[in-house]
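Note that subunit A is present in both complexes that follow, paired respectively with subunit B and with subunit C.
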Partner chain A sequence: MPAGLDRGARAVAAQEVRDGLRGRRQLAIRAVLPVLLFAVVLVTAIATRGVDQTEEPYRVAVEGDLSGAREALALLPADAVIIEPVDDAAVAVAGGATIGLVVPDGLDAARARGEPAVIEIQRSVGASRARAATSLVVGVFGDADLAMVKASARDAGIDANVGVAAFDQVDVQLTERGTRELSGGLAPALLTLQAALLVSASATQLLSRQRRGLLTAQLLLPVSRWQLSLAKGAASLVLGMVAGAPVLVVVLGIVGVINATRSGVVAALVGVLACVVASLALSALAAALGLAVGVRARSQEQISLASMVVVVGFAVVAAVVALGEHRVFEVLAVVPLVGVVSTLRDVLAGEGSVVLFVVGVASTLLAAAAIVWRTSRHVDAERLVLRSAG
Partner chain B sequence: MWRQSRLVAGVVARNLGRRRATWSTTLLTGVVVAVLVVGSAFVTTRVRQRIEVRPYGVAVAGDVAGAEAFLTSIDGPLLVFSTVDDANTEVAASEAAAGLVLPDDLDGRIARGEDPEVSVFYRSRSEQSVAARNELLLALQGQQRQVVLGDLAGAGVDPPEPTTFTFAEVTTDAAGNRLSLAPMLAALAALLCLGVVTSAAAAAGGGRDDRSIEGTLVLPLRRGALTAGTVAGVVPVAGLGLLAAVALLCVASALPLAGLHQSGADVARLLAVCLPGALLLAVLAAAVGTLAGVLGAGSEDAVSIGDLLSVPFVAVAALYFLAPDAVSGPVAWVLPILGPVTAMRDGVLGTLTVVEAVVVVVSGVGWIAAVVALATARIADERRVLRTG
Partner chain C sequence: MIQVEGLVKVLGERRILDGVTFRAPTGAVTGLLGPNGAGKTTTMRVLSTLLRPDGGRVEVAGYDVASAPEDVRRSIGLVTEEPGLHDRLTVREQLTYTAAAYGIGRDASRRRIDHLAELIGLTAHLDERAGILSKGNRQKVSLCRALVHDPPVVLLDEPTSGLDVVAAAGLEQLLAEADLTGGRTVLLSTHRLEEAERRAARFVGIAGGRVVVDGTPDEVMALAGASSFRDAFVHLLGAAELTS
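And now, the complex of A and B:
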C-alpha cells in the first residue's frame, strides 16, 4: 500500500483488495480476457493474412484481353502479386484490390514484335500501398523492356552492362536495429492496451459497491476524502496489477529474452525494470481514471461510454506513439501517458534517455494523483449530503 | 407463456426506461461511435489527398560530391534528396522514406566502365518506404535504359518500343463506396454488441445487488417467461446504442462530409437491411448478456462474465475488419453472430437474397432461443433452491 495512506485509509484499501481477491472468477476473467482478446485478433490476422504480415501480396485486378497478355502478366512476381481477372478493374479497386490493370488486345504479340503497347493502371488516390504496387508493376515491365533493349545492344555488338551502378537493397527492419525498434514499440503498446482495460473493471467494481451500499458505509468512516480516494485508487491498482500479471509476464519475457540475446544481461534487466515501472505508472493512471468514472457513474452504460472513450484514447496512443513510424518529440515526455509510452519505446530500442523516462513516469503518476485528488472532491460532496441527511 | 413474457418484459423495460442515465447514455454511445467513424473517415480522406502529392524523402550518405551526375540522372519529382551522415539511421528512425549510401567517386567509376554498388535502405513494413525504394529502382532503370539507348543510337540501331503506362485515379461512385462501407458497418455492428452484452448483463445481474431477483423468482411465472421477458425488456434500452449508431452511419453516408455519395434512396435501402440485421444482433447480444446476468453473482460479476462471453463478437468484428470477403455462403448464414453480420454486409452490397435473409433470421432466432434456454435452465435451478428454502 502507498506510504501516504493513514491507518484508516490503509484498512479501507486492504479491505477493497481482499474483497477483490475473493471474487476469484472475476479476477480470473480479468486476467484471461486481455490475453484472449489479443490471441483472437492475432489468430484472425494470421488466418486471414498469413504469418508474415509484411509479405501480403498485392491484389492486382486485370481487365481486358487476358489470354493475349499471359506472358506479360507472368512477369509479375507470383509471391508479391495475386492476379485477379475481372470485368471492371475500377470496381475491383473500389472493392479492395490494390490496383487495377487494363491490358490492351494482343499485348504479348505487340511486345514480341517490339511495338509500343499501353497498359492503364487504375488506383485510388493517396493509397501508399497502391503507389508501391504501381511502381512494382512499372518496374517489372521496365526490367523486361530493359532486357530487350540490352539484347538489341548485344546483337549490335555493344556491351550494355558496362558502366552502370547496381542497387544493393537493405531492409532496415530485418537488421538488428530494425527488430529492436519493432520489439521496442510492441511492449509499450501491449502495456498501454492492458492498462486501458483496467478503467472499466475499476469503475464497474466501484459502481457495484455503491449499489450494494458499501460506499455509503465507507463515506461515513473517519477518513479524509483524499485518503479515501487514494485508498480506493491504490486498491484498484493492486487488483489491476494482479489481473494484468499474465500480460506483464509475457511482455517482460519478450523484452528480457530479446535484450539479453542482443545486448546482454544488464540491458535485459534495464528493459524489464523499465517495463515494470511503466506498467505501474500506466496502471496507476488507468486506475485513477476508473476511480473518477466509477465514483461519478450512476449506470453501467455510463461506465461503458466513458471506458470506450478512454480505451480509444489509449489505443490511439499505443498505435501512434508506441507503434507509429515516427518517434515523438522528446519534449512530449512531460505529457502524461504519451511521455511514459514514448520514452519506454526509446529505452527498449536502446536510444532513450533514463532521465526522460523518469520524467514521463513522473508526469503520468502526477496526472493520476491529480485525478484522484479531483475525484476526492466529488466523494466529499457525497459525504456532505450523507452527513446532512443523518 | 407469451403473456407472462410480455408482462416481465414490460416491467424490465419500464424499470430501465425510468433510469434516464441508462438510456440516454446508451443513445449517446451510439452517437459518439457514429461521430468517431465519420470523423475518422473525413480525416483519412484528407490525409490521403495530401499523401498523393507528397514526394519521398531520400537520405543520401557517402561520397555525395563524387556522385553529382548520378544523383542528377535519377532525380525526379517524386524523390527529394537530402545529405546525411548515416542513411541507415535516418531510415530506421523514419526520418526518410529511403536511404542511399554512395561509394567513393561513383561518377568516375561509372565513367571508367566499372559496376559500382549503391546501397539502398528501406523499411519493408512501411508502404511509403517500399514505394520510395521502387521509385529509386525505377529511376535507376531509366538511367540504365538511357545509357544503353545512347549506345544503340550511336550504333544506328532502332531499339524495341517499351510498354508504357497511363494512370487513372479510381473515383468511386455510390455503388463502389458501398463495397468498403458494407464490411465496415458489419464489423462495427458486431463490435457494438459488446455494449449491449454489458448493458444486459448489468441489468440482469443488478437484481442480485438490490435483491430484487429473489422476489422475481418466487412469482408464479413460468421460468422461460422470466428469461425471455428479461431479454425482451432489456433490448429496447441496451440495443439503443447499436441501433442508433447503425442508423446514424447509414444516414451519414449521404453527407458530403463522408464522401460516400449515397443518395436518399440508397440510405433508405441501407436502413431497410441494416436495422433488422442490427436488431437481430442486439437481441442475440441481449440474450448473451442476460445469460451472463443469470450466471453472475451480482452486476460486477455479471459484467465480467459478459465480457468473456463477448469475445466471439470481437472475433467476428476482427474477421470483417481484416478480411471483408473471407466469409460467405450458407455455413456463415446459419452461424450465430456471423449470420446477421454477413446478411448486413450482403444487404449493403445489394447481394442479399430472400433465401439468405430467411435462413439468417430463422437460425438467428434459433440461436437466441438456445441462449435463452441456457439462462432458463440456470434460473430454474435457483428457483428450486429458493422454493425449497
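And now, the complex of A and C:
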C-alpha cells in the first residue's frame, strides 16, 4: 500500500476537485445544510435540557462552614436538591455540580442573632439548570434572610426597601476548566457530524460518475487502481473540507475565543490546530467510507441507506464520546474515529495528551487508507459490467 | 499490433467470448463486426484492460493485457459510444488533465492539444464547457482525448453510434485522416457494415463469442461465395448465429 499520489493520480484528483468546485450550487447546499441542521440540533438540545430540569435534583456543592450552616441548608427542599460538601465549590461546578455555594462561618448563629448573612453562589453562565437552581436557592434563603436583614435595617433606622442584598451572586463561574470542557465536547461533536455528511456526498458523486461513463474513462488512464481510488478519495476530502468550511470556521471560532480568553493564546492555537487536524482525519475517514459505499452501490437508494447507517454511527460517537458525561478509556485512542474524537475532547479540555491525540489521528487516517485500499480492489470495469448486467 | 489468441471471457455464468483469435496489424484499420451481443464490446474491453481475460493470450502493442495492464493503457486510446466527460470542465481542461495523467508536460500538452483540436475541428470549442457541446462534438473531444498521448493503438468501440447522419459522417471522415490514425493500429468495432467497409482493410466477424470470419473484403466475399461484401457478411454471420 504505497503512500502518496503519483503524477497520474494527482492529475485525476485535480480534475475531480476543479469539476467539484465548479458545481457551486451543490457546494453551497452542502455548506449551508449542516449549519441549519446543527442549529436545529442545538435548539433540540436546549429544549431537552429544559425537560431535564424538572426530573433530576440539583447537585449543590457547598464550600465553607457546613456545620455552622446546618439549619440554613435544611431549608432547601430535600427532594429537589442534593447537598454535596466540597473543598472548592468552583471546581465542583466545573466538575458537574449544578451550582456552588460558599457559606460564611457561623451562618446559623448569625441568622439567630438577626445579622445579615452573605452567601456566594457560583454557577456556569448560560446553563439553564444552574439558573433554575439559583432561583430556587435564592427563593428559599431570600425569604428567610432578607426578612432578617430588613428587620435589622429597620432597627438601625435604615430604609429596608433599598440597597440591601442577602446574596452575593457570582455569575462568573466560567472557570478555565469548565469552559474548556464545554468547548472540548462541543467541537468534536460538531466536527464528527460535519464529517459524517461527507459520506453521502462522496458516494453519490461516484455513482453519478459511473453512470456517465467517467469512471470508465478514468480506468483507462495509466494509473493503478489503488492510486485512482486514492485520487478520488483525496478529491472528495478536499471538496468536503471546502463544503465544511462554514462549520469548521464556527468551531474554530468557539475554540479559539474561549481558549484565548480563559487560557491564553498558546492554548487557543493548540486547540485550533488540533481541531483542523482532527477535522481532516474525520473527513478522510468519511470520504473513504463514501468511496466504499459509492463503488458498491447500485442505486441512489442503496447509497441513502448506507449513508444513513454511517451517519448514525458517527452521531452515536459524537453523543457518547464527545458529549458524554464520562471520558472514555485512554486505550480507545487506537480505535479509529473514537480515538480522534475522544483525544480531541481531552486536548480541548486541557486534560489530554498530545501523544494520544496523534495516536487517535493516526489510527483514523490508517483506517481511511485501509478502506480505500480495500475499495480499490472493487474499482474495476468487471464489477461495473456485472453490475449493469444485474 | 494487436494479437489475440484463444481469448475466453466469462461474465457471471455466461461465456461471452469462447476462444477468440485474430490479429490487427500496424498501420491499418481492422473492422470488428458482429451483431448485437456477439462479443465485440467485451473484446474491446479486454483489449483496453477494462476486463481481465479468463483464458487465452492478448497482446496490445507488445504488452500482455493480463501482466502489464498499465503499459497497455499507456499504449492505447479508446473511443466509446459514451464519451465520459466532466461537463463542468472546458474541453481544454479535460485534455490537459488527461495529458498530465500520461505524464506529458504542460508545454508539450498545450502544443499537442492545439494541433489535435485543429485537425479535429475543435479549436473554437476548446474553452467551452463540455456540458454545452453537441453529441457530435463531445465525441470529437473523446477522440481528441484518445489521441492526446499519441498512442500506437486506437480502439474505436461504436464511435458513431447515437450520432446523427451528419455528425457520424464527420467523425468517420476524421477517422480516415492519416494525421490522426495513420501509422497506428486501429480496431474499429461497429455493427454498421458500410462504415466498416469504407474504412477497414481487414475484417474480423464475431458471432456468439467466436470468430467466424477473418480476412480482407475479397477473401470474405470469396469465402461466402457472395457478390457483395454486405451479402457475404450477412451470410457468414447469419449462419454462425443460427448454429451458435
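Note that the second predicted complex is superposed on the first by the 240 of 390 C-alpha atoms of A that agree within 3 Å, B and C clash if a C-alpha of one lies under 4 Å from a C-alpha of the other, contacts with A are read in each partner's own complex, and residues count from 1 in each chain.
Simple rule for what comes next: contacts are C-beta pairs under 8 Å (C-beta built on N, C-alpha and C of every residue); 3 or more make two chains touch, one makes a residue touch a chain.
Quick caveat: nothing in here was measured; it's all calculated off a predicted structure.
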Taking the superposition on A as described, I'd like to know which of subunit B and subunit C A:G23 touches: first, second, both or neither.
both
For A:G8, using the defined touch cut-off, is the partner it touches subunit B, subunit C, both, or neither? Pick first, second, both or neither.
second
Contacts of A:V35 with subunit B and subunit C, given as first, second, both or neither
neither
Using the superposition on chain A described above, determine whether A:A90 touches subunit B (first), subunit C (second), both, or neither.
first
Tell me the contact category for A:R129 with respect to subunit B and subunit C: first, second, both or neither.
first
Please work out whether A:V355 is in contact with subunit B alone, subunit C alone, both, or neither, and reply first, second, both or neither.
neither
Which chain, subunit B or subunit C, ends up touching more residues of subunit A in the combined arrangement?
B
So, A:S224: does it touch subunit B (first), subunit C (second), both, or neither?
second
Tell me which partner A:L273 touches in the superposition: subunit B (first), subunit C (second), both or neither.
neither
In the superposed arrangement, does A:L214 touch subunit B (first), subunit C (second), both or neither?
second
Under the contact rule defined above, give the subunit A residues that sit at the interface with subunit B and also at the interface with subunit C.
23, 212
Of subunit B, residues touching subunit A in the complex
19, 21-23, 25-26, 28-29, 32-33, 36, 47-52, 70, 88, 91-94, 99, 106, 110-128, 130-131, 133-138, 140-145, 147-149, 151-152, 155, 157, 159-172, 175-177, 179-180, 195, 198-199, 201-203, 206, 209-210, 241, 297-301, 303-305, 307-308, 311, 314-315, 318-319, 322-326
If you look only at subunit A, which of its residues touch subunit C in the complex?
7-8, 10-12, 14-15, 18-19, 22-23, 212-217, 219-224, 380-382, 385-386, 389
Mind pulling up the subunit C residues that touch subunit A in the complex?
11-12, 45, 48-52, 70-71, 73-74, 76, 78, 80, 82-89, 93-94, 97-98, 100-103, 145
Subunit B partner contacts - residues on subunit A that touch it in the complex
23, 25-26, 29-30, 32-33, 36-37, 40-41, 44-45, 48-49, 54, 72, 90-91, 93-96, 100, 107, 111, 114-129, 131-132, 134-139, 141-146, 148-150, 152-153, 155-158, 160-175, 177-178, 181-182, 201, 204-205, 207-208, 211-212, 298-302, 304-305, 308-309, 312, 325-327
